[in-house]
């Protein structure tokens, strides 16, 4: 199994989720994060004090799927999350040793 | 070493933490996340506009332990986090190459 | 490639980011988390009801870099995030199988 | 010459009605003229300090309705990223309206005899001093003119601010400011004149006032007017991107509750202050402002239940405003149970319009200015003719004829709707032409707070 | 016939006391009867506009105490997931109380002579017009009856809302509404009558009023009453799941501070408005409402220090309320330093009850309605007998006898506690029987906002 | 003997000025003495209830400025971790000031003739009863003394609370309390006496008052005074760690907006209440408090644009306060367009000082107390001499000499600045010596909420 870790633009989340559901993905976990990268944040000014945030709000998706599906998940993610402009984000793929569904105790791909 | 990544119901966190402490686990890191899965969220209505959230609040636990302990951690997690109802969550296990305690620079299992 | 996962004290974030930028790191992702470990939280009292939080606010950094750079990243992290007092945090290193830049579709180290 | 005669009328009429709840907004010019000489004879009256105290308090209360009241009510309903834009628009537009009011707004609305559509005179408050007074509805009773100017100033400020609720989350700040300047000039000042100004002759008296329409505290001038303008505006400016698709849930109903509370609290100044005196009529307006609102709250929540939903806080808040709006024209023209009736009808009808009808029509009157202020204002303005009836505890005299008053109310509402619709369209098109109207799609997505004001509402 | 005589008494008594701080709430029926004819002789008095202005302002201020004041004070103290349920309960219950008040509440409390426990007459405000007046405590001084009705209406609304603080985070919305209907009918209206109604005969005068008890602005009627009801309620409805185990920290002390501020601000209307006139007695109540509160704040914080903790904002806010509660019965019956004394005692004692005693007894009076309003009300109601003493700057006359007044105060408090306890138990059991009382364990866990109202307070 | 004569002067002077906007703060002692006997002849006047009603309302409005007004305005501007510390400091310091005021503050400021720097007498309000009255600016018009004491009490409370804005996020709570005790005693009470007290002789009259300086509602006493104290304080206590390096963005501009709104609303009590009567002069102060603020808002935002930034909500809020501060000394000493001028100048200058100058000088007057209250107060206090001119719509009489009045204003401001600077330095050094002054670096980093008060503002 693979853990697919994608950092995307927040407003793309709905689109991405729909695209992945289309692939048959039944679950994922989403976290609000701040990204630091090439994309620069906006400048805020409060009574003359300027704060140029180099942290941009992003959304992180964590999704475990079986090895076979992983390439298509990555591809779908890349297509649905892309806008072509800087800051679109990254996808990382890691190996997962084991998965367990807490409710039933099922393990492996049955747990997903 | 293993990274154990568990997604659980938020109100179970205290119970889980106590169970893990019982195992001798000295540390873990917790993040508020939103889960997408079989469990459906509640519907909110604001002046007739209905929003059915398919994102359910969950808590993610990240915990690194030595290989030997991992199976018991998974088992304890599964038992203490389970309610038997849909949406109880998942446990994923990944390999960790290295661990460092920032304060002391200790590495490996000594860092945990 | 390696995923470097560091849990640090929140007020150290700026310093750490500067140190890493100095190493040539172009991106990272940051999440607000709660840490459970040796460091104890502060006690809050509301009309006599005492709540001793054993959860301490921490910041988690996720950063993917090529294998060669990883040791120096870990070292830099450890130095810049350290205060020498309890609760300074941990660094974990995991293997990353694949990386994709969403905007361009570049993969591998070119994606970072 | 402003209102010296109104009270005479009010007195006569009121004699039959038990001297209750009769507002200057209900005059028959013929009577007024006949009575005018009597006033002239009296020595210059000095203001009663009780009246002055109450009218200053009432003015301050209306101020509380705008900032923080309305600002929070609206602000809580938008998404976090647009919070500051709403707050900024409301405070800035209110400030603008205040400056405009002392420059030429008061002149156009109440400055002196000209015609049935606008006043003339007292430009830049020429000639007004701390000794100047204006007449109230009671013979020989006056209040300091500066207090009257300030009280009416707050009405113009809140009305233009109300309109913005239909246009949040997408309109440029500059467009809002241009709109406000034009709209106040060609819509608000004329309608205020038409409804509330009694001149020395029929030809100088406001058109609707001349007909004898009842509008105690501004059902037409404020609420129908703002509601129609918001509707026209949201059609011209267009829907928010993602409307009826994205989640656009209120970012803080807590703020909306605070706003509701302050609106309610301030509305006692709005309604009971419109008596212009600290007397029994004000007391009646005061108690009606409790009962109508309470009924609005409970009946909106009951309607939610009837439509198959849970009774909600946003429902309670919306019902409170609907009740307040509906009782505004009737505040002194109704008994406490007539007011309950108004609140209940407005609660039920506005709830249905907002929850059911609007979704079908598909326009994006984002914060339901038309659905609540427009519709509630219509209900109140027309039913005021009914709540006047003694059978319902209303203050009408024996010679009161329901049918003809109803017709006057309907006619008046019709004129207000029409004038507001046409004038608002002009104002929005000018704003669009001058500034572009809408922010870019990217600013809309990232939020107007950063895009238009360079700030973030919360940094927790 | 309502209060014509009270003022006569007040005047006489006040003569010795320097015409200060004497409230209608302190009558000796014997005197009153003797004096009654004098009133009848006078021509129908017209309200002074200054009094009317002040009483309308005071009414509006009490409204601000409820929404947004109390709603925020309580709302800030619960967990995020239950925020809206608190806000909704308070606004809905207040609305209900207002409608009930004009229907039969005013009738039962102040409607006319019947017996020592309730009034009769003026059902649905029959016969009340904008010309109706009620007497104040000064001979020949009246205010519009609608204003008096509205002022008293707000008291009934806030009292029932106060009770809810003991029951948050677990009670069904429907149960809250049923409870409110029953409780107002069988507890609030009778107690208000007993404490504040002077009839034409001893037999028609309220029981406690007849004894000559001092309660300037509602120590028994409002605070002891609400405190006892909350205590009884939390015992009947039961503890929150996870009480004394889970973290139940306030979700926003900022909101609690806003609520505290608005409660304080509004309380000037509550206390100084209870003078029913804009006079020196009101002025005294005004300044006491500053000093007692200030003392409550500082002494609660000092007690926190004495108990080994840090002085906290929640402590300051709690102390402010404790001081306000304690000075309520004494507002016009004390000098500024007597008020400081009351605030200090209430600050220390309530702090100790809430921080130490409550934990031991283990009941879940969630927001400390009993600990602050009940205990503070007891302190204030009993010590009022002491602050009356001229030695402490109080307004008592030469013939004032501390011992006998103390006994009257204690007796009165005893009756109020008993009546409230029994009546509240009945009201809560009826609510439980009709609706089930509590939400399900799952709704309690997920929060009442979603479960009961289908909304979320914040969508940041 | 306090103010019996002031009004006589006021009347005379006002005769030429159209009886407008003349405050007791502008007296020529010579006239006053001559006129004194006339007062003595009159029978003891009773307060007009309209005046009493208004002054009680005004007092309540100023209370709303402090908590929740100022608390939220300041609280919203700090970081989340220090929110509660700001709120706690403000409520606690206000409570302290209230207790001190009735103990010896009123005595030192207004207690009776002593010298040009302080009063004497009425310690612990000795001899004051609900029947006591003080004179207003009009011959024979009085208000209850308790109301006057309470009104002035709120001024002392808000002034010391204002100072804290320069010292947030680093000062110990205990240090704040010690500072407040010393500062009120040696700075506030003397300056209030110097500016506002007219004694029976030249030697007992306040120094600045004796010169004939104009300060309608407290430009010197409140704003310059607080601004200078904050500047001195932030230099003595030092910068926040990380100042001009870390992100110190406001944690909730929503709270700052609520605070701004409540400050504005309450300021009508502050300014129009300073007329001490419900009359035309109060009405003028009322309308000026609208127009100056509106101008402040718009001109601050325009200045932001001129400096190359976006018009911001924080700019609008800051401009509102700048306008309010500037119009304070001029409230009844200016026409509505003079007030607009003041607001505009203050908006532009304060914006430039805060956004440009301050960064260069590098001191950490954290919430710009000096930049807005100090600078705005200077502008208002000096330009009041100009807005008095009839050419600008001001209320000056024919014998008004601009040059000499300007000189008086400048001299007065100079004395206030000097006295405040020296006295504040003493107060801060004492606070530092007694308590250490600053929290530890660790507490500063973790936040004062947990470190000093053991609480957290938000638990979402």
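Order of writing sets the labels: A, B, C, D, E and F. Residues in every chain begin at 1.
Note that a residue touches a chain if its C-beta (ideal position, glycine included) is under 8 Å from a C-beta of that chain, and two chains touch if they have at least 3 such contacts.
Since this is a predicted model, take the numbers as computed values, not measurements.
Trainee: Counting hops between chains that touch, how far apart are subunit B and subunit F?
Mentor: Each step joins two touching chains, and the minimum needed here is 2.
Trainee: Determine whether subunit D and subunit E, two copies of the same sequence, contact each other through the same residue numbers or different ones, counting it as same when over half of the numbers at the interface appear on both sides.
Mentor: different
Trainee: Using the average of all C-alpha atoms in each chain as its centre, how far is it in Å between subunit B and subunit E?
Mentor: 49
Trainee: Which whole number of Å gives the spacing of the CA centres of subunit A and subunit F?
Mentor: Between these chains, centre-to-centre, one finds 54 Å.
Trainee: Determine the centre-to-centre distance between subunit D and subunit F, using the mean Cα coordinates as centres, and give it in whole Å.
Mentor: 34
Trainee: Spell out, as numbers or ranges, the residues of subunit F touching 2 or more other chains.
Mentor: 48-51, 53-54, 57, 247, 249-250, 252, 258, 309-310, 312, 314, 454-456, 458, 460
Trainee: Provide the list of subunit A residues touching at least two other chains, using ranges where the numbers run on.
Mentor: In subunit A, 31, 44-46, 94-95 touch at least two other chains.
Trainee: Pairs of chains that touch, anyone?
Mentor: Every touching chain pair, ordered by label, is A-B, A-C, A-D, A-F, B-C, B-D, B-E, C-E, C-F, D-E, D-F, E-F.
Trainee: Taking the complex as given, what residues does subunit B use to touch subunit D?
Mentor: 44-49, 51, 53
Trainee: Name, in rising order, each residue of subunit D that touches subunit B in their complex.
Mentor: These residues of subunit D touch subunit B: 244, 247-250, 309-310, 312, 314-315, 318, 354-356, 358-359, 368.
Trainee: Would you mind writing out the residues of subunit B in touch with subunit E in their complex?
Mentor: 11, 14, 42-46
Trainee: For subunit D, which residues are in contact with subunit E within the complex?
Mentor: 18-21, 48-51, 53-54, 57, 61, 79-80, 247, 249-254, 257-258, 260-262, 264-265, 268-269, 272, 277-284, 286-287, 290-291, 293-295, 297-298, 301, 309-314, 316-317, 320, 335-337, 340, 393, 395, 458, 460
Trainee: Across the complex, what residues on subunit E touch subunit B?
Mentor: My answer: residues 246, 445-446, 450, 454-456.
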